[in-house]
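What follows is a short report on a single structure.
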């Protein structure tokens, strides 16, 4: 069914958890200071679903790692950069956290991460991976556990090649992440771009774009439309009767929004670093425990939050967080069992990892994703070359 | 761009306009009769969509869902009118703005409290799915065509309601002279509640109709609200006719703008720059339209001086 | 014969089919009170707006002290010296009596765009304001909030504000409206004294006051002046009796 | 109950004492919060001039707040990257000097207010509210979709801008700068309120007909007030950008316009210190309620609704017996 990555670790959940617990308690026993983590994420307003999943995944990870060594302070950013900066100040100045994490959106991460690292604290991104922080603007205290933003789009380009797409109709909202998305796709896509369109950020009616798709000569569509925009597009596209194949990054097909899209998404291929049925023990154990704890299937955001917690726990077990250099080395080692299988950091402290092609399937009453095959193996982002960090 | 595509885009603009009309009609009616600016109108749009999604989820019936959206929005509207809004009629616009802004905060987060942070599912019913062939070979979404139809029926219904019925006569009297209508022995507070509930129901219906092809989520109402304001400013406050004209003008401008502008810029710029500049300008186009109307007709196309 | 200060020449104004001003010609001479009377709907408000500003005639002209003012804004006409009072008191109700008068002085002096020096400590503005208040007999109520004034006092304040403009003519819209008999009588005396400073175009419903005060009367019916003349001329004018007084009798 | 003047003195004293205490107790975050409150207050003082004194209910003051923010962001980002803003027809370079940035923020936001004001003031009442809101949204969408200065990502300025003789990165010193500016603006606005201009502006708000018939060009009067108002809010935007060392299109969003209005109504419309009290209270509520519940906006909405419906005159109106110069 699912091809197993040959190099994937074969540890059982029990072993993984036991080890994490052991390491965490060992950390305290070693006299390492407690690690204080500030988690800022979007808990109110439009993007709250993603933030809730990151938080829940992270807290589950902390819990499984044994909560003795890590203390978490959660704050809401309301999806406003200035609020994010304010609560970041609170966490740094008032709560005196050692590590910051949690932000969902790139524009918020760009507001918070540089200020955090400039104060000698770590920022470990569980989601947003803007190019600015991966290339020339990389920082020794900035880590990304999810992906550089272009990754899923590059994987989508590779997937389009595998699908046999020759002339692509591509669109994304007109904002930096959207512009990066189209560039990422074009980087790996080998066919020709038939039409390229920028839609308005937050646009919910795609009738005009769908009409253009119908009129075009394209043989496939790549799109990036996160959140509500994706729900709207997929429903309207399904109703349009156009049968060009779709491909896109997971953001329009993830567990947080699939129930709202319904059968309009069924069968569509999309790309991410993880899928809920990924065939490795750590992932299986994570999905089971997340379901048991929260009563829903975890999204990639939850998975990223979970992995972030595991990474921090693994470093805390090795080094004292007050010893910044040692702790950084421990983070760089990425000595944890990722739910996505292989995981290591590149020189810019962003993941080098496989991206999967996933397919939306109906499992009973629930829509979810199943991993189909690897889209790109061991992918490192292109910005890493511009990063001057040396370990 | 060929003619068929252009016609299809005009239909899309029309459909978008009709949807805006359903929002703007309620807003303009409420302003015309009660002199109230209601920012929470977008919340009623959202409530309609959530009610429809919830009922469609329980019963599986889209018609019941539409009825639920009308009923829920009208009920919430009437409730809000009785508890909060009627204290605002004699207040300054500033108080009205802030009180209804407060209502937005309460409704948005209250909805999230009840329904959770994730978007809800609401789909087009099977009997409205797919496309039909129009003369000339245009394949057009049956559902979007239905929205245009419903919008036009509502528009005609509103005109008839206001021009032919007793309630309509009272509404017109109320627009012209608020004291007069009280003197005529009409129960003015009941009339106001009715008008507010009617406006709310239209917003709720609009939310449900749109919810089937978009995302039913918290905060879905405010972008539409702001567009509805632009519609009213262009059409003239208090005028149903103006709301219809303004809505269709905004719908067409926005839809045609975002498809045509990048093409036009493409004629003399390199493609990716044309896409960027064209899209940036398209996002501002309806506001530029509004500014243009203001320069020549400060009270809107159908507004009274 | 002395030149007119204000002249209205053949102005026309229509709203659709309704001819609100149908060739009106009218003038105001120094030292006189010229009353404008007419039944409801005769077009008095329309005429006043065309004289004071706010409504532009379709044709015809309004001249004030030799200046053509037909195209000027209300504010510009005011600065030329056209003082105005309203039927319903138009005063900032939250201001004190003195503040209201100073506001008039600010408008008169053209000092609106001074941002730093306090208006209520400016001796020139204060002097002008207090002077005007004294003339209408409100000098004891300087610090009273306008909203707390009686109806008659508000009328007086309206006149005082108009006085701060050192007007060359007054345009008064029903100053007697809502006044008791006592108040009307007092105001009548005041207006009679005022006309020597600047003539008054008086629009008034109170016939007793009009007949007691006016030097000349013009009668406006359906957008036309049907008669202009002295009090006696008007009393005896057949057309007026028919069109106006007759109508009033049957009303 | 006390006189409004005494209340204002107490407020000023608190604005000195709270940060001083925070400094002594080594709670830098409290200073950050106070700085935020002072900057929001300044934005509110700007809007209050148009809204309170002038009766111009602008629902689009985020446009000037954002404009000030971007004035800072653009100048500082060019200074940061050592690239000129433009080279022809003449050279304009970036800068990281606060006074220069403030000046540019004031001028650009004043010009923007002149443009929007000239168009919007053709309308009145509820049209004006909607039109200003729509223009604000226009700039919001423009900044998101225009890629040159970061689009939705905004601009990060890594080092706070410079003020001669001060270390602006020290929270208390930056607070001091903001506080002094607020005091200065409050002093100037107070003079303005009492000047012939202020008398005419508030007079025209209460009775436009009267202002016109005493010969005041009300349109020009309001436009000037609107421009000054926009300029003050723009200055606040520049400071806010420096506080966060970050600007983004959300500074243009309509929620910001709404929040600036909230400061005014919470504190008291057309009262000099209304926005100051309102902003401080808002920050406090945000801090306290935000910690209580994920759904704290519901409580904020309820409090706001209560104040609008039942506590006319805002906090200052409730605490002081003297009515302000006119009926709010």
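A, B, C and D are the chain letters, set down in written order, and residue numbers restart from 1 in every chain.
Everything that follows uses one rule, which is that a contact is a pair of C-beta atoms (placed from the backbone, for glycine too) under 8 Å apart; a residue touches a chain by one contact, two chains touch by 3 or more.
This one's a predicted model, so the numbers in the text were calculated from it and none came from an experiment.
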| item | value |
| --- | --- |
| Chain of greatest Cα-centre distance to chain A | C |
| Rounded Å distance, chain A centre to chain B centre (Cα mean) | 36 |
| Inter-chain centre distance, chain B versus chain C - centres from mean C-alpha coordinates, in Å | 47 |
| Interchain centroid distance [CA atoms averaged], chain A/chain C, Å | 75 |
| Separation of chain B from chain D, taking each centre as the mean of its C-alpha atoms, in whole Å | 31 |
| Residues of chain D touching at least two other chains | 141, 144-145, 147, 295-297 |
| Interface hub residues of chain C, defined as touching at least two other chains | none |
| Per-residue multi-chain contacts in chain A, two or more chains | 43-44, 174, 198, 200 |
| Chain-to-chain touches, reported pairwise for every pair that qualifies | A-B, A-D, B-D, C-D |
| Residues of chain D that touch chain A when the two form their complex | 27-30, 32-33, 36, 141, 144-145, 147, 150-154, 156, 158, 171, 240, 243-246, 248, 250-251, 255, 290, 294-297 |
| Residues of chain D defined as touching chain B within the complex | 51, 57, 59, 119-120, 122-123, 125-127, 129-131, 133-135, 137-138, 141-142, 144-147, 254, 258, 261-262, 265, 269, 295-298, 300-302, 304-305, 308-309, 328 |
| Complex interface listing, chain D residues touching chain C | 191-192, 194-200, 202-203, 205-207, 209-218, 221, 224, 323, 325-327 |
| Residues of chain A defined as touching chain B within the complex | 43-46, 48-49, 51-52, 174, 196-200, 202, 204-205, 207-209, 211-212, 214-215, 227-232, 235-236, 239-241, 256-257, 259-264 |
| Chain C residues within the chain D interface of the complex | 52-53, 73-76, 78-79, 83-84, 86, 90-95, 99-100, 102-104, 106-120, 122, 125, 147, 161-162, 164-165 |
